[in-house]
Amino acid sequence: MSTLAPEIYLIETVRRLLDGTHHVAIGANSPMPAAAALLARRLGTGAARVSMQQFPQFSSFTDGGRELFDLAGQGRLDAFFLSGAQIDGRGNINLVAVGDYAAPKARFPGSWGSAYLYFAVPRVILFRSEHSRRSLVERVDFISAPGSSPPGVWRRGGPVALVTPLCAFAFRDGGFHLASIHPGHTLEEVLDQTAFDFARPEKVPFTAAPDDTTLRLLRDAVAPELAALYPHFHAKLFGC
Amino acid sequence: MSTLAPEIYLIETVRRLLDGTHHVAIGANSPMPAAAALLARRLGTGAARVSMQQFPQFSSFTDGGRELFDLAGQGRLDAFFLSGAQIDGRGNINLVAVGDYAAPKARFPGSWGSAYLYFAVPRVILFRSEHSRRSLVERVDFISAPGSSPPGVWRRGGPVALVTPLCAFAFRDGGFHLASIHPGHTLEEVLDQTAFDFARPEKVPFTAAPDDTTLRLLRDAVAPELAALYPHFHAKLFGC
Amino acid sequence: MPLSLDDLVAQIPDGCTLAVCPDYSGVAMAATRALIRRGARDLTLVTLPTSSLQADLLIGAGCLRAIETSAVALGEAGAGPRFAAAAKAGSLTIRDATCPAIHAALQASEKGVPFLPLRGVIGSDLIKQRPDWRVIDNPLGSGGDPLLLVPAIRPDIALFHAPFADEAGNVWVGRRRELFTLAHASAGSLVTVEEIRPGNLLDDETLAPATITSLYIQGIAGAPRGAWPLKFGERYAEDQAHLAEYLRLAATAEGFQQYLERWVLGPEGHR
Amino acid sequence: MPLSLDDLVAQIPDGCTLAVCPDYSGVAMAATRALIRRGARDLTLVTLPTSSLQADLLIGAGCLRAIETSAVALGEAGAGPRFAAAAKAGSLTIRDATCPAIHAALQASEKGVPFLPLRGVIGSDLIKQRPDWRVIDNPLGSGGDPLLLVPAIRPDIALFHAPFADEAGNVWVGRRRELFTLAHASAGSLVTVEEIRPGNLLDDETLAPATITSLYIQGIAGAPRGAWPLKFGERYAEDQAHLAEYLRLAATAEGFQQYLERWVLGPEGHR
């Protein structure tokens, strides 16, 4: 098991988070979510339909750029992935700026569709490739999209989990709960690198590895698909 | 001049009402407005673009059934034609029912797009093929679309004229003004057959015939176009 | 994957809201006859934005509880005869609308919002008859600017006829873009097609732009000349003699029954 | 009928509101370089809904007074460098939005209504920065249902790149349906195309459905590889080396000037 690449744990974690979904959409530059969704689809555990607009073979949109948002509004999208330059303990994400909005210390591209999709999609999986006190903050400087809403506010979904290179958090009751730590990492590391408070069980399990069937499917069926979409990621993970 | 078919006067009347328009749309089963618009286009006096959705060669719509309404909302439609089972002296039109709405004496198809286009199109020309006290009433039983609106109500246009087989009315200040009577008809006839009050000059002119150039263009250039669209109307007007 | 007509219309349950389209879009007439044969009841029919024979037949056959429409017209003859008769008898709930209001109501559903605003209509008696419509003062104006809000309509099923579908369940509709809105706005779409083509339409960048993807399609049945006796785009014209016969018979309840027995319930109905 | 690039961009007056689209739609980069060469000033740029190099170049070259956008991003590198620099310096009015809000604002303009409602967004700090947006209690709800209203945006000009146009001034855009909304919502559209084809696209029932008609098109210029160095659909990929060079140079104001002189103002800019 020690021979498994760290990415395999991320893929398996996200694959499980997609259990029972039908339609999963994935944005640009997202090799890990793509691998997880394609694996779920092959296993038949979820993501029967995977939409990735930037790849023609996975783009089933024919009504322009608004179709993703419209179909999410119709309830036709079950899961989506978001991230944030900053993510805080209440699940708020910041894709805009650090510091004062009017004179920021750092400026990011913008909020994209987050302020809408975070509400419209039942299951939003947060993924942050940098696990640090700079990225996982106590309170975001700008709320691009809030992690939860007061009663009465229309909201079909929101964050269900936050996955990082160190661990996976579940999101419930407005906050994060440490669900598992990836093999090779420790609770101390997680506590040290996370600026927000989170709940945790007395004994935090290690993130489960995929079983043999899943692993075989990943290597035999998903890897070739992935090679066509994300050659660098594929090469890193499976060799050339 | 006595040799001109009555329809020629209608066509010329409507042709002049389209002076200076750019985009004119015409609904189904409207041979006379079609002839007038095509004539204006040939003369260069108006209707440079004529949209008739039911004829492929005149259908420039590629965004579905809503495009007509959307482009009217954008201000891209200059003139349109409407009618009514009943039309009253305030320019209100009724396309729904005669008698009590809940238990009507007569029921018509419905309001179509009138309740919107009457507001959105700067120049709406009313055409009614039956000039009688039954069709031109004092007060409509049901207002599909009102002829005018109180100040403050968004309204880009409305009725400019009502053309019938007997005469042409102009619409201004919320009511109809008799503009001309078609040759072969009389003021007494108009007064007798119209249930609503209307203003009139001391001496009501006869409807002008098209000049020779216009008449030649109608026969040489517009008639062949018309033959392809409305063969019966063309045959009646120009012989087979 | 393709269903029989009977299996297709079996997915239209009694009491549901069914959305249909005008002649120019492609009307699923063969499926409509199958729906009448299966004895559908209590449907609410929504026409985007008008209808002709389809609505009139469903009304005459007693399939409808209510209709939302901007017009039920048959050619130059005026109102559909069974529609007019039902209106006079008060035997059908009629929600009179205007074309762009129905477009707006379905676009609201397509976008997942509770309503869309619509200009015009203020002062029309339609508003008096539509307690579900709301006139508010434009919240982005400076006061005194009445504005109509049209609530979203979310049909259970959209039913229409299209030129062709592929084996993957995608449907090509050409210029008939209103069918995209109809499919997006409805929970599921049932489609009859002239033909089913091999392969996947989305692989063809010329055909893909006018293709409604399988995401929205609940069932497809092959039905060559499935819009008869109505026209279907440039493919076939309306059967004028048949429609004249319909208008003649449907003028009375007895005549309509005769029509129904011969052209819908009887063997000719399977045409 | 086709214009030169210079004549095309001469129709974009200083101070106007210019609407553009993301890489996947087809960005008129050659025309953007011509626009910078003509010294455009005080433009308000609206991106439906995001932009990359185009917005960053226009910002760096000092053409913009304001931008409304959901993101200005260059590849995986994050924010456009000149966009980020202008944000930090406070030298550009930035109206931060979220993608579906810009779609809604342009659809409102397409439909001629003052606003469109949008679900979500409640509780986002975006609302604090957008005094033009309004949150109301859903007038069709039963109270306590906050709903965002996004006002219509009516650009003076839309500018984009498309595969081909015809001699009649119609433009084929394939699957890029957002360009229909962009063209409908704007007072006029200026388009660059890879090629101009003889005949009339509307005569071809396969091509017509994905064709924006001449009614909306104000001017067309031929510009083979007119999206370079960005990708253009399946026709060509982005010039990764060039974009890397841009990112390297545009990290500083001086480097950006160097880029501008070589790749926009100089002879290479006419590429």
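To keep things simple, chains are lettered A, B, C and D as they appear, and every chain counts its residues starting from 1.
Assume a contact is a pair of C-beta atoms (placed from the backbone, for glycine too) under 8 Å apart; a residue touches a chain by one contact, two chains touch by 3 or more.
Model, not experiment: these values are computed from the prediction.
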- prompt: Looking at the contacts, which chains touch chain B and chain C alike?
  reply: D
- prompt: Which listed pair, B-D, A-C or A-D, reproduces B-C with over half its contact pairs identical?
  reply: A-D
Task: Identify the chain pair with more contacting C-beta pairs: A-D or B-D.
output: A-D
- prompt: Centre to centre, by mean C-alpha position, how many angstrom separate chain C and chain D?
  reply: 37
- line: Whole-angstrom distance, CA centroid of chain A to CA centroid of chain B, is 60
Message: Centroid from C-alpha atoms only, then distance chain A to chain D, rounded to Å. What do you get?
response: 29
- line: Per the C-alpha means, the centres of chain B and chain D lie apart by a whole-Å value of 41
Shared-contact residues (touching 2 or more other chains) in chain D: 111-113, 118-119, 147, 175, 177, 180, 208-210, 234
- prompt: What are the residue numbers in chain A that touch two or more other chains?
  reply: 61-63, 69, 73, 120
- prompt: What is the shape of the graph in which nodes denote protein chains and edges denote touching chain pairs (line, ring, star, complete, other)?
  reply: other
Message: If we use the touch criterion from the header, which chain pairs count as touching?
response: A-C, A-D, B-C, B-D, C-D
Query: For chain D, which residues are in contact with chain B within the complex?
result: 109-113, 180, 184-185, 202, 208-216
Statement: Residue positions on chain C within touch of chain B in the complex are 21-22, 24-25, 48-50, 69-73, 75-76, 78-80, 83-84, 87-88, 90, 96-101, 103, 107, 118-126, 129, 144-147, 175-181, 234
- prompt: Where on chain C is chain D touching in the complex?
  reply: 104, 111-119, 134, 136, 138-141, 147, 149, 151, 173-175, 177, 205-210, 234
Message: Please output the residues of chain B touching chain C within their complex, sorted ascending.
response: 29, 53-54, 56, 61-67, 69, 73, 95-97, 101-120, 142-146, 149-150, 152-155
Task: Could you please specify the touching residues of chain B with respect to chain D in the complex?
output: 23, 49, 59-63, 69-76, 120
